[in-house]
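Take a look at this one; I'll ask things after.
All chains are identified by letter, namely A, B, C, D, E, F and G, in their written order; residue positions are counted from 1 within each chain.
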Amino acid sequence: MQGQAQQQAYDRGITIFSPDGRLYQVEYAREAVKRGSASIGVRTEGGVVLAVDKHTRSPLMERTSVEKLHKSDDHIGIASAGHVADARQLIDFARRQSQINRLRYGEPIGVETLTKEVTDHIQQYTQVGGARPFGVALIIGGIEDGEPRLYETDPSGTPYEWKALAVGADRGEIQDYLETNYSEGMDLDGGIDLALSALGAVNDDQLSPTGVGLATVDVETEQFRMLDDDEVEGYLDELDILEDEDGDEQEE
Amino acid sequence: MQGQAQQQAYDRGITIFSPDGRLYQVEYAREAVKRGSASIGVRTEGGVVLAVDKHTRSPLMERTSVEKLHKSDDHIGIASAGHVADARQLIDFARRQSQINRLRYGEPIGVETLTKEVTDHIQQYTQVGGARPFGVALIIGGIEDGEPRLYETDPSGTPYEWKALAVGADRGEIQDYLETNYSEGMDLDGGIDLALSALGAVNDDQLSPTGVGLATVDVETEQFRMLDDDEVEGYLDELDILEDEDGDEQEE
Amino acid sequence: MQGQAQQQAYDRGITIFSPDGRLYQVEYAREAVKRGSASIGVRTEGGVVLAVDKHTRSPLMERTSVEKLHKSDDHIGIASAGHVADARQLIDFARRQSQINRLRYGEPIGVETLTKEVTDHIQQYTQVGGARPFGVALIIGGIEDGEPRLYETDPSGTPYEWKALAVGADRGEIQDYLETNYSEGMDLDGGIDLALSALGAVNDDQLSPTGVGLATVDVETEQFRMLDDDEVEGYLDELDILEDEDGDEQEE
Amino acid sequence: MQGQAQQQAYDRGITIFSPDGRLYQVEYAREAVKRGSASIGVRTEGGVVLAVDKHTRSPLMERTSVEKLHKSDDHIGIASAGHVADARQLIDFARRQSQINRLRYGEPIGVETLTKEVTDHIQQYTQVGGARPFGVALIIGGIEDGEPRLYETDPSGTPYEWKALAVGADRGEIQDYLETNYSEGMDLDGGIDLALSALGAVNDDQLSPTGVGLATVDVETEQFRMLDDDEVEGYLDELDILEDEDGDEQEE
Amino acid sequence: MQGQAQQQAYDRGITIFSPDGRLYQVEYAREAVKRGSASIGVRTEGGVVLAVDKHTRSPLMERTSVEKLHKSDDHIGIASAGHVADARQLIDFARRQSQINRLRYGEPIGVETLTKEVTDHIQQYTQVGGARPFGVALIIGGIEDGEPRLYETDPSGTPYEWKALAVGADRGEIQDYLETNYSEGMDLDGGIDLALSALGAVNDDQLSPTGVGLATVDVETEQFRMLDDDEVEGYLDELDILEDEDGDEQEE
Amino acid sequence: MQGQAQQQAYDRGITIFSPDGRLYQVEYAREAVKRGSASIGVRTEGGVVLAVDKHTRSPLMERTSVEKLHKSDDHIGIASAGHVADARQLIDFARRQSQINRLRYGEPIGVETLTKEVTDHIQQYTQVGGARPFGVALIIGGIEDGEPRLYETDPSGTPYEWKALAVGADRGEIQDYLETNYSEGMDLDGGIDLALSALGAVNDDQLSPTGVGLATVDVETEQFRMLDDDEVEGYLDELDILEDEDGDEQEE
Amino acid sequence: MQGQAQQQAYDRGITIFSPDGRLYQVEYAREAVKRGSASIGVRTEGGVVLAVDKHTRSPLMERTSVEKLHKSDDHIGIASAGHVADARQLIDFARRQSQINRLRYGEPIGVETLTKEVTDHIQQYTQVGGARPFGVALIIGGIEDGEPRLYETDPSGTPYEWKALAVGADRGEIQDYLETNYSEGMDLDGGIDLALSALGAVNDDQLSPTGVGLATVDVETEQFRMLDDDEVEGYLDELDILEDEDGDEQEE
């Protein structure tokens, strides 16, 4: 409804409100998230699943250095999408908060508590001048009091809790897939299948084990675990979305 | 009376006065409040009622993570409307002030005192440069000296006391409904009925228990209490505004 | 004498001088004062009278929360007009200065001293960058050395002493009324009559007790006293300007 | 010699040089001085005379609150013209410097020393960013080592010593009058006559005792003394410039 | 997709997001990297190889002062491309972090740890206002736990791990060469051959030993070693890309 | 060579380089120097001479308050030209440095040392943001190790040593006069004659003793000495450039 | 390749990158260097030679005050070109670093160490906001471990080591001359001849001993030594580039 010239007036310098009450710098940071490849989180009764698209831009780049899956604490994993350097800052912040909680209270930090400390940190960068917002969205998943929990942080600093969600490129399409195919009673394996097939759905059902990152935190061990390529290949094969191995480039 | 080009000159960067004595950034922050879904507060002889519209944008999002109803202290609840991440900051501020009051004076903070500490905090962000105003309005309700009290904070940092009020989307329409239907002698149940039917009035008299949040602070227990879905469903059913359960999306 | 385009150049960002030696941000803050409803102060031999227009924008809003009359110390009251949240900051500042004076010197602060501490505080916001001026005018009245004193603070930070004055909406018209009808020998009751009839003059001689706030500091008790609705109604009735009770909305 | 568009480029934000070496913000602050009513200082062998135009904008405003004549120390008076709130800051600064001098050195501050401390303070506001210049000129008069001294401070922070001078509105006309009529051997009464008749010259030779402020510091007592209305009326009557008492308004 | 006028709006002052979620200042810093001459890193089973183009702009300039190869610690070397003065700052930062690690933990810093401390430092300059990003890319290579590791830092502050990479001028062409010719089982000599022939490929297969810098960190000694001109000449001769010695200028 | 529009781009706000490597704010500060009346310094074997044009803008202004000749220490005098309030700051700075030198080292400060401390101070205001340059040039003259020394400081913060120089209005013309008429073997009287006749040359050979300031530091006494009007009149009379006494105004 | 309007966008305020990765303020500072008269450095086996063009703008200006040759420590000399006041700051910085090194480590600072401390200092002014770059280039020459060393610092903060170089006006032409005529085996006298004849080459082979500054640091004494006019005249005479003594003006 706003003309382009008028919009330009409200989206520069520091984060301020536009006449219709929007924060353009925050909305542009959301665009930075969309420029990153997709990340998916699924909560099941058996634990949480994090799956990420980790294509590399060159066959000589180490896939492990495409940092989209992170261990925040023994019982909490984080998947990110968007501006990679910004994600690293938030991951570091999350890890520090996790450590501080253990030192201060002698117990692991709650997933919700951690999420809200992260979003408070993000919000500061959208209200106080002299800095830009973080151009990244996080999916924070883990076990709290024996229950799997799955959260999202967005560039405005709002926390959301989800059963299953996608952030980054093709969010809309993947989220639709998740909404159609999610079922309440899934076990962890079902969650992995859902996450991978959702990722396959926007990749012509052709996924390479090296182009996918997969991690879980299950309710029994309460341990973050990164799955290796063979395990991933097994799942892809079973789902019949295993591609004929060619590490093509993709903008991360 | 001011042309658009001229208006543009006064609504950027820091919050300054326009030639006709207005603070545009504050007015735009009010627009951010209107972009949030509605929240309602009703004061009765038996206590205060807080009711919020909490539709989620996806069936996979946990309704509990749509944070619009908050416990600030045992005897005070807060409902918010507007920019969610900003609301979280003010809620945290309110909770800290509540705790400090208990530590310092050994007694619960007054509802009016708390409200004014919050509005002083908000005002600073409208006068001193380097930050933007808070894009959120709060309804603060609780019991003080045995009496129910109900306050509003707006983005300018002005506190108002109300018998019943609405903030957020459709404020005008809901407020009209409240003015028409409010009666001084209502008990707590009457307040709940008024709040829910006001919310129903702008939703084609079709409300889902999962799309509504409801909380009370009654004068007997002086305890903030969040009502569960079954209780909400009972009220909606009785008011004949219970919808045929379909969690449709709505911009929160 | 200055064209509009040129004027625009001097009224933004920080408060600086225009080529003809004016401070536009201060002048715009005066416009913010005019946007507030009227407040009146009258000094008589028997004490000072403060009267304010306190219409509410909704019948459900508590009139007591329309903060325009404030007790600064036992012997000093303040009426405000303009940006409400700014007024609250100055009132708080005045109260702190009053307390500090009692703590430091063991005696109540003088009305003139208090006024000048407030205006010094206001002036800083007009000269040093990084903040906007206060959009509010105060009427500070009280007893000092047994004598009634009545002061005004304006957004430039200038203190004025008055026999009778009005600030806010309709200032010009009310001030004319006061100049015509003020008499030196008035007692406190005469002052109340003058203040109320001046307020009535710009309201079609129709005032509701609930739409008017009235307070006095008399020379005998040297105590700030807020009059209740019945007392106000008595005065209005006697002056024949009591309206037929309908709490219509008015922009405060 | 500079076109208007080009001039605009150098007179905003902070105080910087224009291509022809001028400081526009300082020049505009001088315009703020001219917007204030006139103040006059005259140095005679018997002491210094300060006379100010103090018309009020309403008959209900207390003339004593039109602050244009100030006692800085027992032996030093200050008359101001221009932005009143700024003048108050400089007067306070001068008083503090006077007190500090007595505390530190056990003796009254010299008139020249005081003047230069004030002008150093003023200069800072013209060179360092983040603030605007002071929009006020002061006439500082007093006795130093038994000799009457009379100084001016201008908005650039330059001190000047004078035998007789005017600042504020009609400065040019009054200064001409002073230059024509000043004589070296005048006594204090002669100085008073000169100051009042100079002020009369720009007011159609019609001055009201209530519209004039008059103060002296004589060489015998070395005490600042404010003359009362009767004394002023006596002088005006004798000079045949006493108006027929009507407190007409004038922009102060 | 964005027009030029619109792009201009987002690429100045501090680093902020453009409407499509890009950080233009970071992208321009990447252009500064491309303006620097090429640097190459190759990881082999026997260690890491760093090779740089170090043509000088005058035969009188000492080649050793063209700082593109740096020892960060005994076991870690760094090659840079881009703005030389910025590179020096990051190298100093890396050396300090290396020393701190030895002091604090009594052991050499890990290559990955060092890389991430450097990228965190870089990221700060892209988010917080008051400074510009670093216009430089680094290749950090060394031995960690007996294994060769090779990392890149880019101006956004993102760390990448590589088997072989190029930064600076002709990056695209050299990277293609590396991808085509890299083989997993190479020994250190093979890595040197690959790096030098890749550099030769964009220099008409004509390289001067004085125009090339070459260093290694091998897995046996775990020591950074800079090769001298004779050694370089030997390799070039063997590869048949030794030019007929003429120190022609080239923009570094 | 630069067009006017382009020039405008580099001469505002803080001091930055223009594309041809100039600092416009410094150049404009030099214009401020030219707007001040002339000051002259002459070094002779017998000591240094400082002569200044000190016409006043009104016959009622005290000539002594036209501050252009200053004693910095017993053995050093300073003449200034340009923005008077700025000059005062630098003079104060010079005096403090002189005192500090005596306190710290127990001996008078060297003329060169003092000059360089002043120019370092000036330079800071041309490089670091948040302030404007000083709009003043100083001539610093005195005796150091028995030798007369004469220095200039300009608004860029560069120190120059001179045999004879002029700053301020008509600098070019006076400097030409000095170059033509300076002779190495002059004694102090010869220096005074040269300075006064140079000043006369740009004033139609008509100088009033009250319009000229004259001071010396001779090598015998090593004392700064201000000459009185009679002495000045004697020199002017002898040089046949004594005007027929009329204190005409001149812009200082 | 960039149009002029676009270029303007990136060269103001603080130092930021242009779309093609350039820092315009640094490039403009290089222009400021070119506006200064030439300075030359030559490294020989016998030591380093520094030669500078030091024409004065008036015959009355003392040549010694044209500061282009500086002693930084006993064994290190510095020649500068560009903005004189900026050069003084860097020279002072270099001297302080030299002293600190002696105090801290009890030994003279290395030439390379000193150079890099200076360039780190310079770089800060090109990356962090609130200041402009230094508009000066330095030639730093001295003896380190018995070896002559010769460095350049440029406005970007990059250090370069040279055998012989020129900075300032006519850099290109002089550098060509140096490249053509430099020979590795030169002794100190040969270096002096080369420096002076290079300077002569751009001055029609006409140099005045008073217009040239010459200094050496030889490997035997390791002492910085400024040559006097007679010595310089001897060299010029021998080289047949001694002009017929006329101190013509030249922009320094």
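Observations on the model:
Basically, a residue touches a chain if its C-beta (ideal position, glycine included) is under 8 Å from a C-beta of that chain, and two chains touch if they have at least 3 such contacts.
Every value quoted in this text rests on a predicted model; they were computed, and no experiment measured them.
It takes 50 degrees of rotation, in steps of 5, to superpose the Cα atoms of chain A onto those of chain E.
The distance from the centre of chain B to the centre of chain F, each centre being the mean of the chain's C-alpha atoms, comes to 69 Å. Averaged C-alpha coordinates give centres for chain C and chain D that are 31 Å from one another.
Counting partner chains per residue, chain A shows two or more touched chains at residues 13, 129-130. Chain contact topology: the protein chains form a single closed ring, every chain touching exactly two others.
Order of chains round the ring, from chain B towards chain C, by the touch criterion defined above: B, C, D, F, G, E, A.
Chain D contributes residues 4, 8, 11-13, 24-25, 28-35, 58-62, 64-67, 83-86, 88-89, 92, 125, 129-135 to its touches with chain C in the complex.
Residues of chain D that touch chain F in their complex: 6, 9-10, 13-23, 116, 119-120, 122-123, 126-130, 151, 156-165, 175, 178-179, 182.
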